[in-house]
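Both complexes below contain subunit A, partnered by subunit B and then by subunit C.
Entry: the complex of A and B
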C-alpha cells in the first residue's frame, strides 16, 4: 500500500478508532457514567458538524447550534405520545400533533430539517465572510432561540419538553457519531470540498480560476446543518427531555471551543477536540454537583467549567491557533505528508501560516497573492 | 404616558446605546477588531458600584471610572496584544470566549440572583409627573451622552491625539510611517472606551439597580446590532446606529402589546441579517463602500 493510501486510511480510521475507544470504555461503565459517555459522543457529533462548515470553509458560524435545536425539538415532539403532546403543549399546530415517529424516522427527520433550515439560512448568508458572517450567524442563533423560547405553537416554549423516549444508548450514540465522521470524511474527499478549501486559502485566487465559492460554501453549510440536526435528535433521545436554553449560547461556545482546541481544519482535530474536551466538560459538570475522585470528594463552584473552557479556548487561539492536532489529519505527518505551503505564502492577514479558524483569506493582499495563486488551489494531497 | 413621554424615554435609551456603541467603535476604529468583552467591562463597573456601596456616592463613581478604565486596559494587554496581527474574526471569537468566561466568573463571585445597587435613587423620581411621566434619570442620560459625545468630537477633531487616532483609523501602517506611536493611540482608545463604559455602568445601575452576571452582555449585543446597522467602519455612523437601535427598541417596547413584545428580538436580528446581506457596510454608509464578501 502506498503512503498516500495509508494516509487516506488513517484519515478515516483515526477518528473512528477514537470513537470506538470511547464506546468500548462506555460499555464497561456504570449506568450514570454511561450517560456522560453518551453525552460526549453526541457533543463530538456536533463538533464534527461544525467542522464540516467552519473547518472546510474558514468562515465562522455561531449559528450551527440553531440547526441542532431544530433537530432536537422536531425529533422530541414527533416521538412523544400524542396524548402527552395534547396535555403539555395544547397550542401546538395541527401538523405537529399527529404522527408518532419511530426512533430512526425521527433521527432522519431531524437531519432533514437541519439541512433544510441551513439551506434557507445559507442561501441568504453564504456571500458573507469574516466579521459579517460571524455577526449574521449569531443573529440566526438569537432568532432561533427567541422563536423556540416563545412560540408555543411550534413547541414547548420556555418550558422543558419531557417524556421523550430515551432511545439513544451507547450503541446508537457510537453509530451516530461514526456516521457523522464517515460523512465528513467522504465530503472532504469530494471535489466540492477541495474547491471550498482552495477558497479558504485564498478567496481571490479561487474565484480567479472560476470556483463558485458561494455554491460550495452552501453545500458545506447544508451538510453541516444536517449533521447538527441529526446530533440534536441524538441529544434529545439520550436525555429524554430538552429545554431551549440547552441548545443556545453555552452549547455554541463549548462546541466551538472543542473545535478550536482540537484543530479546526482537520477531521481528526474536530473528533479529538470534541471527545477530549467533552470528557473534561462531563467531569467538570459532575464536579460542580459534587464528585469523588480517588476517595477524595469535593464540589467545584457552579460556573467553573465555563471559566476553564474559556481559558482553554482563548489560550488556544493565542498560543496554538492550529489546535492540538496542528490542523493535521491522524498520523498525516508520520506518514509523510508535507505541510501545505499555501498558508505560509498567503496567510490570512494574520501571522504567516497560522492557519487558524479564521483563515478566510478575504483580507489577504491581492498584490502579494498573485505569484501564489497557482499553488493556492493545489491541495497538499499528492 | 403620553407620546412625549415615550419619545423622551426612547431618546434616553438611544443615548445610552450610542455611548455603548462609542465604546465598541473607538477600539474598532483603531484596531479593526470587535471587542465583545466590552460588555463585561460595563458589568465589572456595575459590580464595583455594588462593592463600594458604603462609600460616598461621588467617590464610588470616580472609582467606577478607574475600575472600568483599568478593566479595559487589562483586556488590551491580556487579549488584544497577544492577538495582534490575528484576523478580526479570531479576535471576535476570542473576546466572545473572554466574555463567556467572565460571565461565569461573575456568577461564582456575585451569585446568580443579582445584587441591588441603591445609588442616586432620587434620580428615578418624577421630574414631570402625571401624563408625561418624565424621570430625572432620563434627562441625566441624555445630558451625559451629549456631553460625552461632544467631548469626544472635540478630542477627535481639535487635539493632536484626536488627529493621531483618526490617522490610525484611516490607515494604521501609513500612520506609523509618519511617526504616530500606534501603541499609545491604541492605549488611549482603550482608556476612552473604558471611560464611556463607566458612564454606561453608572447610568444603567441608577436606572435598573439590579446587577446580574449578564448585565453588560445584554447591552453590548444590542449595541453591536446598532453598530452593524450604522456601519462599523465609521465611528459617527456606528454611534448613530446605536442610537437608532435604542430608540426603536424603546418605542416598540412601549407600543407593542406584551405578547408580541417577546418577538422584538427576532425582528431586530432579522433586520441585522437583512442589512448585512444587502448593505454590508451599514445602512448609513454611502453606496459603494468597500465590504468584505465573496
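Entry: the complex of A and C
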C-alpha cells in the first residue's frame, strides 16, 4: 500500500476507531451511563454534520441545529402512536396524524427533511460569507425555533413531546455516527468538495479557475442539513422525548465549540472534538447533580459546569488556535511527506542518506535543494 | 468554439470602458487576440493593464463596449462561466490555495473546468515535470518560494488547456535565470493548444522578448500597439514610462533579440 493510500485509510479509520472505542466502553457501562455515552455519539454526529458545511466551506453557520430540530420533531411525531398524537397534539395538521413510521423510516425521513429544509434556506443564503452568513444563519435558527415553539399545528409547541419510542441504543447511535463519518469522508474526497475547499482558501482565485462557489457551497449545506436532520432523529429516539429548547441556542453553541476545539477543517478534528468535549460536557453536567470519581463524591454548584466548559474551551483555543488536531486529518503528519519521517535519499543521484534533513553537502547539494529532493522521494504519487 | 464574427479574432475587446466611482480606469480600449498569438500588455503603473485583464476575465464589470470570445459576447458572464468557456487567467502574487499542495493546486485548475480526476493528474504531472517542480509537488503551496508559487500559478491556469490565457505579472519577483522556464511554459501553452495569450509584466524586456505583438496602455487608453521593435522605437512609450527624461535615454528600452 502506498503512503498516500495509507494516509487516506487513516483519514477514515481514525475517526471510525474513535467512535468504536466509545461504543466499546459504552457497552460495559451501567444503563444510566449508557445514556450519556449515546448522547456523546449523537452530539458527535451533529458536529460531523456541522463540519461538512462549516469546515469545508469556511463559512460560519449558526443555523444547522434548525435542521436537527426539524429532523427530531419529524421523527418524534411520526413514530408516536396515532392515539397519543391525537390526545397530546389535537391541533396537528392531518398529514401529521398518520402514518406511524418505523425507527429506520423516521431516520431517513429526518435526513430527507433536513436536506430539503437546508436546500430551501441555502438557495437564499449561499451567496453570503463572513459576518453576513453568521447573522443570516442565526436568523434561520431563530425563525425555526419560534415556529416550532408556537405553531401547534406542526408539533407540540412549547410543551415537551414525550412518549416517543426509545429505539436508539448504543448500537444504533454508534452505527449512526459511523455512517455520518463515512458520508463526510466520501464527500471530502469528491470533486465538489475539493473545489469548495479551494474556494475556502481563496474565493477569488477559485472563481478565476472556474469554480461556481455558490453551487458547491449549497451541496455542502444540503448534505450537512441531511446529517443534522438524521442526528436530530437519533437524538429524539435516544431520549424518548424532545422539547424545542433542547435544539436551540445551547446545542448550537456547544456543538460549534466542539467543532472549533477539535479543529474545524478536518474530519478527525470534528469527530475528536465532538467526542472529547461531549464526554467532558456530560461529565460536568452530571457533576452538578452529584457524581463520584475514584470514590470521591462531590456536587458542583448549578451553572458551574457551563463556566468550566467555557474556560476549558477558551484555554484550548489559546493553546491550539487551529484546534486540537491543528486542522489535520488523523496521522496526516506522521504519514505525510515530511523529510524527517522517511527513508531519505539525498540529492538527485539517489544516494542513500542518514535521515538528516539539513543536507550534509556530501554530494555538493545545497541544503535547500536537498530538502526538495527528499520531499520528492517521499512522494509516492506519480 | 465557433468563430465568425470579429474577423475571426479569438478574443476581441471593443471600446471597453471601465469606471470605478466615476474614475475612468479604461476609456474605449480595443484590443484583439488571435489563436496562437502572444500579445504583451505594457504600460506604467495605473495604466489599466490589470483592469483590462479583469474586464476580460469577468472580475471588473464593463460600463461600455463589448468583449467577444470566439465571436460570442461574454461581457455579462461571471468569471467562472468564462473559465468554462476556455478563458484562464493568473493573478498577481499567484493567489494559490495556500493550504493545498502544489500538485492539488494545479489539479484543481483542470478539475474546475470539468476534467476527470485521472486526466487532471496526468496533465498536472506533465506540467510540474516540465517546470521542474515535481520535487515540490507535495509541499503546501504557501511554503513554496515566491518564484515557485508564480510558476505553479501559471501551471494552474495552463492545465485547463484554455483557448485564451491571461497572465498578470507572471515574472514578478522571479530570478532572471527562471524567466526562461516561464517563457517555455507560455510557449508550450501556445504551441500545444494554439492558445492566444496576453501577458502583463513590469519586466518590459521579458514581455517584448516573448510577444508577437505589444499593446501599450497609458492612462486607460491604448498609446500604441505593434511589433516589439515598433514599440521599442516608439518615443511615446519611453515618455510614458519615464517622463520626458526617458526619451533622452533610448537605451532604456533597447534589448538584444531573444
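Quick note on the criterion: the second predicted complex is superposed on the first by the 328 of 382 C-alpha atoms of A that agree within 3 Å, B and C clash if a C-alpha of one lies under 4 Å from a C-alpha of the other, contacts with A are read in each partner's own complex, and residues count from 1 in each chain.
In this section, a contact is a pair of C-beta atoms (placed from the backbone, for glycine too) under 8 Å apart; a residue touches a chain by one contact, two chains touch by 3 or more.
Since this is a predicted model, take the numbers as computed values, not measurements.
Of the two partner chains, neither subunit B nor subunit C is touched by A:112. When the shared chain is aligned, subunit B comes close enough to touch A:256, but subunit C does not.
Shared-chain residue A:207: touches subunit B and subunit C both.
Of the two partner chains placed around the shared chain by superposition, subunit B is the only one that A:309 touches, whereas subunit C remains out of contact. Shared-chain residue A:317: touches subunit B; no touch with subunit C. By the touch criterion defined above, A:20 lies against neither subunit B nor subunit C after alignment on the C-alpha atoms of chain A. More residues of subunit A lie in touch with B than with the remaining chain of the pair subunit B and subunit C.
Contacts of A:150 after superposition: subunit B is touched, whereas subunit C is not reached. Once chain A of one complex is fitted onto chain A of the other, the partner contacts of A:136 are limited to subunit B, with no touch recorded for subunit C.
Taken together, the two complexes place residues 207, 213 of subunit A in contact with subunit B and also with subunit C. Put simply, subunit A touches subunit B in their complex at residues 60, 62, 124-125, 127-136, 139-140, 142-143, 146-147, 149-151, 199, 203, 207, 213-214, 249, 253, 256-257, 260, 301-307, 309-311, 313-314, 317-318, 321, 348-351, 354, 356-360, 362-363.
Within the complex formed with subunit A, the subunit B residues making contact are 34, 79, 82-83, 85-90, 92-94, 96-98, 100-105, 107-108, 221, 224-225, 228, 232, 262-263, 265-266, 269-270, 272-273, 276-277, 280, 291-294. Residues of subunit A touching subunit C in their complex: 191, 194-195, 197-198, 201-202, 204-213, 337, 372-373, 375-376, 378-379, 381-382.
Interface of subunit C with subunit A (complex): residues 57, 59, 78-80, 83-84, 88-91, 95-100, 103-105, 108-109, 111-113, 117, 121, 125, 134-139, 156-157, 160.
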